[in-house]
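My questions will all concern the structure given below.
Chain naming follows the written order as A, B, C and D, and within any one chain the residues start at number 1.
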Amino acid sequence: MAMLGYGFMGCAHSRALTVLQALEDEPAGTPRLVSICGRDPAALERVRARYGWESAVLEWRQQAADERVAIFDNAGPNGVHLEPTLAATRNGKHLLCEKPLGRNAAEALRLCAEATCAGVVHMCGFNLRFLPAVRLARELLEAGDLGDLVHFRARFLASSALRPDQRRTWRFDAAQAGSGAVADLGSHIVDLARYLVGEPVAVSGSTATQVTTRDGGPVDVDDAFAAVVEFAGGAIGTLEASRVAGRRSNVCAFEVDGTRGSLSFDIGRLNELELVTERKRSVQIDVTAPGHPFMELWWPAPGHPIGWGDSFVHELRHLLACVAAGRSVRPHGADFEDGYRCALVCDAILKAADAGARHEVPPP
Amino acid sequence: MAMLGYGFMGCAHSRALTVLQALEDEPAGTPRLVSICGRDPAALERVRARYGWESAVLEWRQQAADERVAIFDNAGPNGVHLEPTLAATRNGKHLLCEKPLGRNAAEALRLCAEATCAGVVHMCGFNLRFLPAVRLARELLEAGDLGDLVHFRARFLASSALRPDQRRTWRFDAAQAGSGAVADLGSHIVDLARYLVGEPVAVSGSTATQVTTRDGGPVDVDDAFAAVVEFAGGAIGTLEASRVAGRRSNVCAFEVDGTRGSLSFDIGRLNELELVTERKRSVQIDVTAPGHPFMELWWPAPGHPIGWGDSFVHELRHLLACVAAGRSVRPHGADFEDGYRCALVCDAILKAADAGARHEVPPP
Amino acid sequence: MAMLGYGFMGCAHSRALTVLQALEDEPAGTPRLVSICGRDPAALERVRARYGWESAVLEWRQQAADERVAIFDNAGPNGVHLEPTLAATRNGKHLLCEKPLGRNAAEALRLCAEATCAGVVHMCGFNLRFLPAVRLARELLEAGDLGDLVHFRARFLASSALRPDQRRTWRFDAAQAGSGAVADLGSHIVDLARYLVGEPVAVSGSTATQVTTRDGGPVDVDDAFAAVVEFAGGAIGTLEASRVAGRRSNVCAFEVDGTRGSLSFDIGRLNELELVTERKRSVQIDVTAPGHPFMELWWPAPGHPIGWGDSFVHELRHLLACVAAGRSVRPHGADFEDGYRCALVCDAILKAADAGARHEVPPP
Amino acid sequence: MAMLGYGFMGCAHSRALTVLQALEDEPAGTPRLVSICGRDPAALERVRARYGWESAVLEWRQQAADERVAIFDNAGPNGVHLEPTLAATRNGKHLLCEKPLGRNAAEALRLCAEATCAGVVHMCGFNLRFLPAVRLARELLEAGDLGDLVHFRARFLASSALRPDQRRTWRFDAAQAGSGAVADLGSHIVDLARYLVGEPVAVSGSTATQVTTRDGGPVDVDDAFAAVVEFAGGAIGTLEASRVAGRRSNVCAFEVDGTRGSLSFDIGRLNELELVTERKRSVQIDVTAPGHPFMELWWPAPGHPIGWGDSFVHELRHLLACVAAGRSVRPHGADFEDGYRCALVCDAILKAADAGARHEVPPP
């Protein structure tokens, strides 16, 4: 395994690989950590040493060509998703690429098309699918416990970019990031919408850029959006994400309403799922009880919460199992087609906001 | 005082008048309950007797012409807001009309224009403004505690119309109701948006009618909508209401995000307001503590919740005080101009959904 | 009806009588409000006028002798529970006496014995029994939904007496109050323990007086206690009350655990009851939904919370119905025997704390 | 490092050692995992292999004598705390022993005395101290933010032993376990009481054994207790633990009230601490925000919850740092004296319940 990126996501993935080592008696695979790649040698070396990567390299091409590498994990910024991942694909590596898959749907389509042709296992890093409560939500929905779906609403609210004196990183530059809150936070909830409810067919909405200049340079991406979404199945709902949402941080919440019940989730209490199947009786499910998704990997008694970082443990475990078995990461993992379809919705939101008109999500 | 209507709202207003009698040592006015009007004599008589109205009449024209009547309270269905209220206006009565003010903005405009010309005190029944936590939210926003406003989101979710075998009352008939969830539930949250954040300038969104036939007759109103709203001040957000939201009932919640903090409210816990002014520190304010809005009317010690019905007590008390003083119910009460401006937004939502395009809210 | 007292409880009862007038189509009885009694003429007159009592009297003997009075409601301080209530009893009045019934078990016994002999309807004002969620808890327990009861814990936490500069009212004087937190707050949770779980048979514990001097005078009552309680049925648990509990105010919460499930309640969210009948699935019941206790008196749709003051509405309605029917207020109302048995437990707590030894609750 | 035990705690410690490897750039020490000890060879081998212990041994004497071993971690059942830990002490090993330190205060005293004499680093496994919210509570209390402490209440509620058909493990045998809920769950909250409030000086209370026979054998330990506690500083409060608490599982909650504020914590939401410093304003602190205890070890952005198992990561990291520095684990770690003092309180609770009298906690 080789990894590109050593920032927030690079560490999250690396930590997950460490935890994975000792998660099970018979793991699907314990990867050799061949190399980690980044641009700042000193910082890279610290991360390499901490997580036990065998070598640090400054050039991703080296990883893509490395014969010892079977899986290429792209945990870098949006702007380096396309080229390195394509290179790895062409060398037959199995793939994990952080979300969003590309800076736009066109990039995502190239990645999806080539990975599919190459016949490798490919996964897009929508880690929220691997939270026990989210998996349980999906299982309840699949079992029909909520009936026909009527509404979906999700919001991902941060305040990380509220202060104008904050540094203008790549996240505020369209050339590097594609878009702002749409790509960064919105892609997560668009993926959840697809995973839980089905395909969005039309969107309308607005974007806003509250802070237009940082570090003397212009901000040319949105820092918030609000959208209305219509689903193929007839449900309607809202999607909303912001980097400037007051003093909130990392509110990532969704609600689903069906003809027979409703569900609610908030990442702040990630071990809980709320289920309403009778009026005014809300069932708070603590997913740490045995029998819930992923709980066979954890503690023998209920009531012992797991953490956010453990979603990556479950995600990478799933990837390794799929690679070992030579099968697709679907349906519970997001593959590159999911990454592409998500990008189609994100692009449609941007276009709808720009045009001031409902925009149909084009067929893939 | 005379009242039209003896249903849910007629009872809510009547009960408030009863409670008002003994609320204060020196009330602004204790109205004489001259007459109540409705169509079903037996049911009307029961309500009349219960709340102590002096007489029951079957014809609102009688009330509009009654010289003993100084205030006409229209708590009837949407379809009888226009004519009776106009008649009362022309006879110089002060006015309270339940929301929505009319079946559409045109009706609301007529009511607003005539009431303004007549020089009477006029109020539109947006009772949620009179919940202590909502008033507190407004005070905090006015004081600038949240800085410049960035986002607003509100949802009003019911499941009252989910079952197709439910009776097709006037609420499902466009001719009588104007619209469905938009007029009934949406008007409440549009008013809250205006009260708390300011004027919406553009909307986009979708409506849906999940149950299209009831009692053999067609349903020609929406039973849910989702909208994106842009405010004059630059904030963006979402508005959402539904009569078919799974098993939820009476979820009426809003959130405001500003550059210096965030607020959250949910009517299910109506004595609480959540305030976030530091990241990851959420302050739950119990508004029953002395010093909070309206609390001088209630108990000497904190921790004694009041009920939803008490919003009408505060609302009617405010109306009586304004009538006694001969002044407008603004800014804390909604007057007919507020009712009209709210209707402009509701109509814009319907048009935007219909046209599949962002719709600017026209200037009044 | 005649009432002694015009303070917090006097107002709470008076307000309830006002609300009762218009609660139902066919009320069990609409009492004539003959007289209200107190010592400060000016303050008394304000309360009299506000609630519509026909006359204000300075001497309770006048009320006890008044032939127009059928029900005597003693809402005065603990120290005037005994004599006036006895006098009313001897004149054949039906009785409502605020909790605690007496300053100690001996007083409560006299009241209970005489009221029983006199054959009048008698009620002790444990209003918490008349909150919908508490009634529902009792119904679930009676139906056996929780199996055999194993634990009960309750706490009533206030901070009203935390500041030493607070006035030394009768509540801090043993001669007038009997005891402190035990009588005032503890009696409420002892009554809930009895209502929900059954008879306590033994107690142990500690009391504390954090602030020993006020206004230059000594405080000779407890301002907090903590007790362990053993029930006849085998359950064990804790009872705790305080007037000096940090910055908490009016936390009144209980939990019941049985072999088949658990219940939780907190007065701060008095329209909710939490039920756990499967591990790690907690059901939040919103008792405002139709079909729940008392809800036939309120709104036609769920999700409209009622207030704390409405517990008195239910309590007085129950009393009037029992007086009209000539029957005991039991089992849902607390009668004077309940008041006496509660006093036996409170006295046992004080003795156990004093002696440093478990104290058996004596049989009545 | 060598470990005794491979059950729930053995795995929790082993997992923590795995996670520790990659927690920091410059860890205080990365221990060599020399051997793990247990009785069932097959089960032991699975755990050994999973966590990477170099060897599995069936005899703890071998570990105590092993010269490669610097730290002996006793994660076995209560009944094997004394002998193996003493043996390791005598061989100069540094020590981590799971709670309760011994089956009773006498055993704990021996362990404490010998470890102190031996001059080794010793730690008792009260892992809850290493939850960020608990550490923050301690810091707030130390800083005097709550003023003088007035009340403490804690409960640890499980339902693991509710079903009579549950196997009679060592936990139900006084000879092996010492006591039941008191030793197992009670020791945790007694330690929290000491860590947060100070030394208990007297206790009273009751124990109960709801299920008296399992597997044909008698249960000779308590399965629940409720106690009142008096602290040296004047605070009073309650402690309660149960293995038969209805359907609750792993409710571990405490509340502290001081003259200037109150604190609440519940392990089910372990990333949150509630602080009340103004009446009816409750501040929910999300301890995942940067700057909170231990957060420098985790994610760069707030809102990413950690899990229960991470308390052991922090605990073992602290132990390794103290061993490296040759200093005591106090004040934030519990050492053997803490384990002994905790045992004195637990024994006092059992004696008080037995005697039906308040029992003073003897000086150590």
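Throughout what follows, contacts are C-beta pairs under 8 Å (C-beta built on N, C-alpha and C of every residue); 3 or more make two chains touch, one makes a residue touch a chain.
Note that the structure is a prediction, hence the values are computed from the model and not measured.
Listed here as common contacts of chain B and chain C: A, D. A count of C-beta contacts for the chain pairs A-D and A-B puts A-B on top.
The geometric centre of chain A is 40 Å away from that of chain B, both derived from CA atoms.
Centre-to-centre spacing of chain A and chain C amounts to 54 Å, using the average Cα coordinate of each chain. Centres computed as Cα averages put chain A at a distance of 37 Å from chain D. Contacts with at least two other chains are made by residues 249, 279-280, 286, 289, 302-303 of chain D. Touching chain C in their complex are the following residues of chain D: 146, 150-151, 153, 155, 157, 159, 162, 202, 204-208, 210, 224-230, 234-238, 240, 242, 244-249, 256-262, 276-280, 352, 356-358. Within the complex, the chain A residues that touch chain C are 279-289, 302-303. Remark: chain D residues 8, 12, 14-15, 18-19, 21-25, 46, 49-52, 158, 160, 249-252, 267-271, 286, 289, 298-310 touch chain A in the complex.
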